[in-house]
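Take a look at the structures below.
Two complexes come next, and they have one chain in common, chain A, joined by chain B in the first and chain C in the second.
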Partner chain A sequence: MMGSFSYVRAGSVKQAVAALAHDGARLHAGGTDLLGCLRDRVFDAGSVVSISGIEELGGIAALSGGSVRIGALATLAEIASHPLIRERYPVLAEAAASAASPQLRNQGTIGGNLCQRPRCWYFRGDFICTRKGGSLCYAFDGENRYHCIFGGDGCYIVHPSDAAPALVALDAQVSIAGPGGSRTIAVEDLHILPKQDIRRETSLEAGEIVTEIVVPPPRAGLRSTYRKVRERGSWDFALVSVAIAAVVAAGKVSAARVVLGGVAPKPWRSIAAEAALIGHAIDESAAMRAAAGAVEGAQPLAQNAYKVPLLRGALEEAVMSLARP
Partner chain B sequence: MRKPYFLLKTPPTTPEPAEKLAPWAETTVVGKPLPRVDAYERVSGSAVYALDLFLPDMLYAAILRCPHAHAIVKKVDTAAATKMPGVRAVLTDSDTEARIPWYFTEKGPTSRLFDPHCRYEGEEIAAVAAETPHQAADALRAIVVEYEELPFVVDLDSALKPGAPLIHEGGNQVEGTLVYERGDIAKGFADAEAIVERTFRTSCEIHTPMEVHGSVAKWDGNRLTVWDTTQGVFQVQQSLADALRLPLSNVRVIGQYMGGGFGSKLEISKHTVIAAILARKTARPVKLFISREESFLCVGNRPANTMSLKAGVRKDGTLTAMHLINRGAVGAYPGWAGVGSQVADLYTCAHVRVEETCGHINAGQERAFRAPGFPQCSWALEQVMDELAAAIGLDPVEFRLTSIPVVSQRQGGKPYTSTGLRQCLVEGARAFGWDAARGGHRRNGPWLRGAGVAACQWGWPGGPPSTVIVRYFADGSVSLNMGASDIGTGTKTIMAMVVAEELGVALDRIQIEHADTGTTQYATPSGGSKTVPSDSPAVRAAAVAVKRKLLAMGAEQLEAAEDEVVLKAGEILVAGSPDKKVRLAELEGLMNQQVVIGVGHREQNPLDKVTKPFGAQFAEVEVNERTGEVRILRLLGAHDSGRVMNRLTYQNQVFGGMTMGIGFGMTERRVLDRQTGKMVNSNWHDYKIPTAMDVPADLTCVPIDVPDNEFNSTGTKGLGEPATIPTAAAIANAVYAATGIRVTDAPINPTQLASLLADQRKRG
Partner chain C sequence: MSSLSKLRVRLRVNGEEHEMLVPVEKTLLEVLREDMGLTGTKHGCELGECGACAVLVDGKPVLSCLALPVELEGHEIMTVEGLAAAGRMHPLQEAFADLGAAQCGYCTPGFLLAAKSLLEQSSDPTRDEIKDALAGNLCRCTGYIKIYEAVELAARRMRSGSETAPEQAVLYGR
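Here is the complex of A and B:
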């Protein structure tokens, strides 16, 4: 059962930022992650600051110049079904559609999705792990079937978002408002590794709020896809996932971003996989090379070695699905 | 504590019916696909479940549970909690009224209500009753407990090793290894032309019914009424009476609607007694429902099993020997994790040996879970049968057909009252298109397709005791009074159809009183797939008793002999005299009495025969060779459960059973952290039951509708449990057909199949 908290309904970003300055204040948008954390007593809230009524934070629209702006309060369901996203950025529409369950997609926002807390069952459970200020990562020697094979260091979570790898693959930018004003960074730079700060998953500072995401205009010849593997058909995070955005010109890949989900504490860009694709036609051998590149350096734990062949398989399929425009 | 009826050595009986009822020849209501009689109540929300109950002045209770896998409670400080706003009572082991023995073996209790020796995460430490649920929860957090943590063990292999932490004095092995033996397996294996030997493992599965467990308790003087989420009100009544030292007549338990149990609500849970004590202590009604998270820890599970099965066969398909060695973890308290009966009984085999060993671990106690032991056994047995068929070059259906017994080898060679196993396989295969599904190796990109089959039998037939009362009122409406619970399977509908069949009354003129120890008669809990075969004959006997009385009244009024009159369409007629008839509404005897009462009992089962339901299921799957993802394309269940009483409820059971089988085979597993002994996935997100996306739209139910008239007067056998027994094994066999990979450990999904496929590629 949740602890008690006071509830603040912010009318503007400025009000929200001010309200978040109080100790123990927690941001509330769709609430699908926050309420679960509160109920599971992962953390308590002194106050809950709702931004769900701030209109300027919603909506999906094309900007002049061909970019698309996605407000932080746009739901995953809106993103998955929006014609602009479906036409221009299939990887993002597919990723949003594959997240969670229909109910959660109707309620969950893209801002919350990027900022959600990890699903590691030790973090969520009754364990004082390193991410909660303890001295032990229980997953390291424990039940680590769903944990990371890249980037673990004192903590072995995977980043749970489906949308984040897609946005990194598309080289999207995220705008952030905070006590010190606004700033814009690449989504790629939003998430951090345990070795940077074991207590946080993002580079957001205290009181900062994600306000919008801007996806750059699709380049001519852009092909993109999201491939997710999970244990059950709905309401399940990725065992592994692959987001690819590749530009194909004259039959060859001229640019590519390959971003992996479910395998690292943040969306994991695979430069090796990208290199294996760039300059080549998309075919089975390029797919195999990219897959081999993607798993280089993987460091499985006792129970998650399956992620290595699984990642290869998912990546091969994802690449091959782009063979035709 | 009195022994529950199912532990009695001699089968219980109720009086034999005055007449042996002839089987129905043709039926007018029974067998029709009719919607449920309580469908409106269930769908509209007007059905009152225990959770829906709000009594005046009711308090809310909650339980503090041990967070450690193994610990001794040194001290419980409730001082702060007692003073908190709204708190009306706090209960701990230091209250003498709470010192109630719990968890029994034949030798006596092994624990008590708030035992300071906590043997698993989730054991009860204290309970609070408060004005609101939130005040109760806050009070729990204010209770300070001092624990001495003890070494623990959560896997059976470690638990049975010398030097393992002791969960009970005397060792972690449950007393006695069960050995069943017939023939000489050494001789049988020597005769074999092919032998398969493999070790299979299943995961511990949690029941997770939609409705969590809970009770509302209320005292009137020394009389206790409890509304409970239970599959058997009389079981709970007896346990409450024992625990609180009350006469049975002072304990009324009501459980008319319940939202799923699957065996976890077959027996009383501690929270029910705790609610009753808190209600007595506060002189207020108390509602105590456990949370979803608690329900993963402390109200049962299907134990994990490790089964080594060796089987031999001759080229003509004769099974020569089977040897099963099973080990299962029952949790921290008495239980059983045996699986062996299908190995000993499903197929003809002269030489069989089964050895079963159970042990304790620091985890919640097992409870009956939809066909306890049987899906695990099928997982091993039916996969070995698949391999044996391949070894001798026979089709898996053909192979099974060579070994169909007409007697129960496990029960002294007594013949079955009926066996539809052959029809299940043959008619199931035909409806499934088995030959076409097996023909050729089909590929769709990286997706490989395959089909598999598995057969089953189920162990419990049902039987007495059962006592039912039917009342026929002056206006021709009827009250059906029976003790059995309808646990969501359609029991009420089936029983009303039996009354309608015998008395010619419309279903909407029948009111049902049931599952209330204060107003209905003893029935065994609804479990074991035995409610219809146990209680529908008693319902029929009661309805027939009413009919006999009405006919006697009619004969008197019409001045005819009793054997000359018949009841038809609301009239009593004299055979051969079209003018001599009387409408029931004008029956003088009925008008005088205003009510006619019939009492029915369940007849004894035949002593010289054995009754079992049988089934066969078929699965077609696609496996992605790159990722190990499995798509179940379709499932078909062909079941012999005797007479089909209602095709709709029958189909519900088959589809629901197969859906649960998908969970057992593909997604579900309890995960206990080896470092702390705590369950890490005690919630509905991390403990993965199948979603609608995991169940194929293409589900088929093929009833083998052959009444078992030797067994009981309605010709019925059980269905709910058999429907889930072979599903996972059929899927595993289909996965093998698709990939050539024999998956021995459940569940099957990419977390193991991705590696198995990669290994296969490496081997070339």
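Here is the complex of A and C:
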């Protein structure tokens, strides 16, 4: 049983933002992460503000100019199967298809996927960890095989989203509405590290909600892919994942973004891996250099050093899968 | 906008309208089982991990343990109780029974509904498509093989529109 709350069905973004101004108000889109958190008592809700009925927040459509707009309420299943996404942005279609289970993909929205809370078992369990206002990260010297190897600092979660690394690789933008109006930022700037604020995973301010995502037009020669390694084949969160978007012109990579999932508290862009690809043909030696670059500076905990070779392997495979258009 | 802790909810379940007053924090799973007596939908992990609670909403499988009933007003909900029609079991149910694809049976309602949704999109799915469609459902008894075979048998019977006997190899092993 969940604790009791009142329910508010917002008819517009404005109503949602107003309702979220109340103490203890929690946003409901697809509800899968929210209801799980309420049941686990990760937090309580005074009120649940549902945006699921706001039509303008749904849909996937091409914009003039060639970008694609994905409404915050588009489900992972819709994104994974949408012809525009599959054709133009394989990395995003593959990431969405690899997330969660078929049932959860029918319910979970892209906005919720970006804003979901961490899966760390201490955070989800009965531990008042630093992220919940306590003074310790229990994972640091506890059971930490699924925790981060980059960017941990007082808290060692990994960001659980598959779609987020793909959207960062594609340099997508996210629009946010809040009490102070709307703003648009790069998805890359949506997620933050524990050292910036240990209590939250995104740069959203109180009362702000994600309203849409815009993916820029694919550049000529764009090749992209998502490679995810998980413990169970049926469905699972990533142990490590790699999202790559590379532009190949005249046989050489002219631009690339390499973004890692499952290894850091936010989607982790590897500039070293990108530099190893840019200016080169996609071949085994480029793949190996990129993989070596990607693991530079990794700081594994006691139980997750396996993520380092796993990440190298996943990255090499992902790069090599782009060798042909 | 409304803001009450008990809500009047109108749900359409297995083709019938139901109207009731429920605490807003009760999940669809709890309301189906406790308020509507539809105990075919099973109560597993309640955290979105096992698929025992799956129902169809507008033909697509969703987890009732992670859904608020009020969110589903205006949608068509189907539970395992809605599968049989005109006193006859659904071909999937018959195939599961014929092949022993249910042992303790706890996972079966979720599997049946996920499989129904698959067969509605594709009448002749490959083994991999079946695995993908059923990936969100856990079974602790069967080892899954009988379940995949039952879905294939049901698909065959539905395509041919008749009752074909299961092959010997499928019944007794190879």
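Points worth noting:
Rule of thumb we're sticking to: the second predicted complex is superposed on the first by the 325 of 325 C-alpha atoms of A that agree within 3 Å, B and C clash if a C-alpha of one lies under 4 Å from a C-alpha of the other, contacts with A are read in each partner's own complex, and residues count from 1 in each chain.
Assume a contact is a pair of C-beta atoms (placed from the backbone, for glycine too) under 8 Å apart; a residue touches a chain by one contact, two chains touch by 3 or more.
Remember, it's a predicted structure, so these values are computed and weren't measured experimentally.
Of the two partner chains, both chain B and chain C are touched by A:Met1.
When the shared chain is aligned, chain B and chain C each come close enough to touch A:Trp235. In the superposition on chain A, A:Ala314 makes contact with chain B only, not with chain C. In the superposition on chain A, A:Glu56 contacts neither chain B nor chain C.
Touch criterion met: A:Ser101 reaches chain B and chain C at once.
After overlaying the two complexes on the shared chain, residue contacts for A:Asp141 are found with chain B alone; chain C is out of touch.
In the superposed pair of complexes, A:Ser47 makes contact with chain C only, with no contact to chain B.
In the superposition on chain A, A:Gly11 makes contact with chain C only, not with chain B.
The contact surfaces that chain B and chain C form on chain A in the two complexes overlap at residues 1, 40, 101, 234-235. On the side of chain B, the complex with chain A involves touching residues 67, 133-134, 137, 291, 446, 624-629, 666-667, 671-676, 678, 680-683, 685-686, 688, 690-694, 749-752, 754-755, 757-758.
For chain C in complex with chain A, the residues that touch the partner chain are 1-5, 7, 23-25, 27, 30, 46-48, 51, 54, 57, 60-63, 65-68, 70-71, 114, 131-136.
Residue ranges on chain A touching chain C, taken from their complex, read 1-11, 15, 19, 28, 31-32, 35-36, 38-40, 47-48, 50, 52, 77, 100-104, 106-107, 234-235. Interface residues of chain A facing chain B in the complex, by the touch rule stated above, are 1, 40, 101, 119, 121-122, 124-127, 138, 141-143, 145, 229, 231-236, 239, 305-310, 312-314, 316-317.
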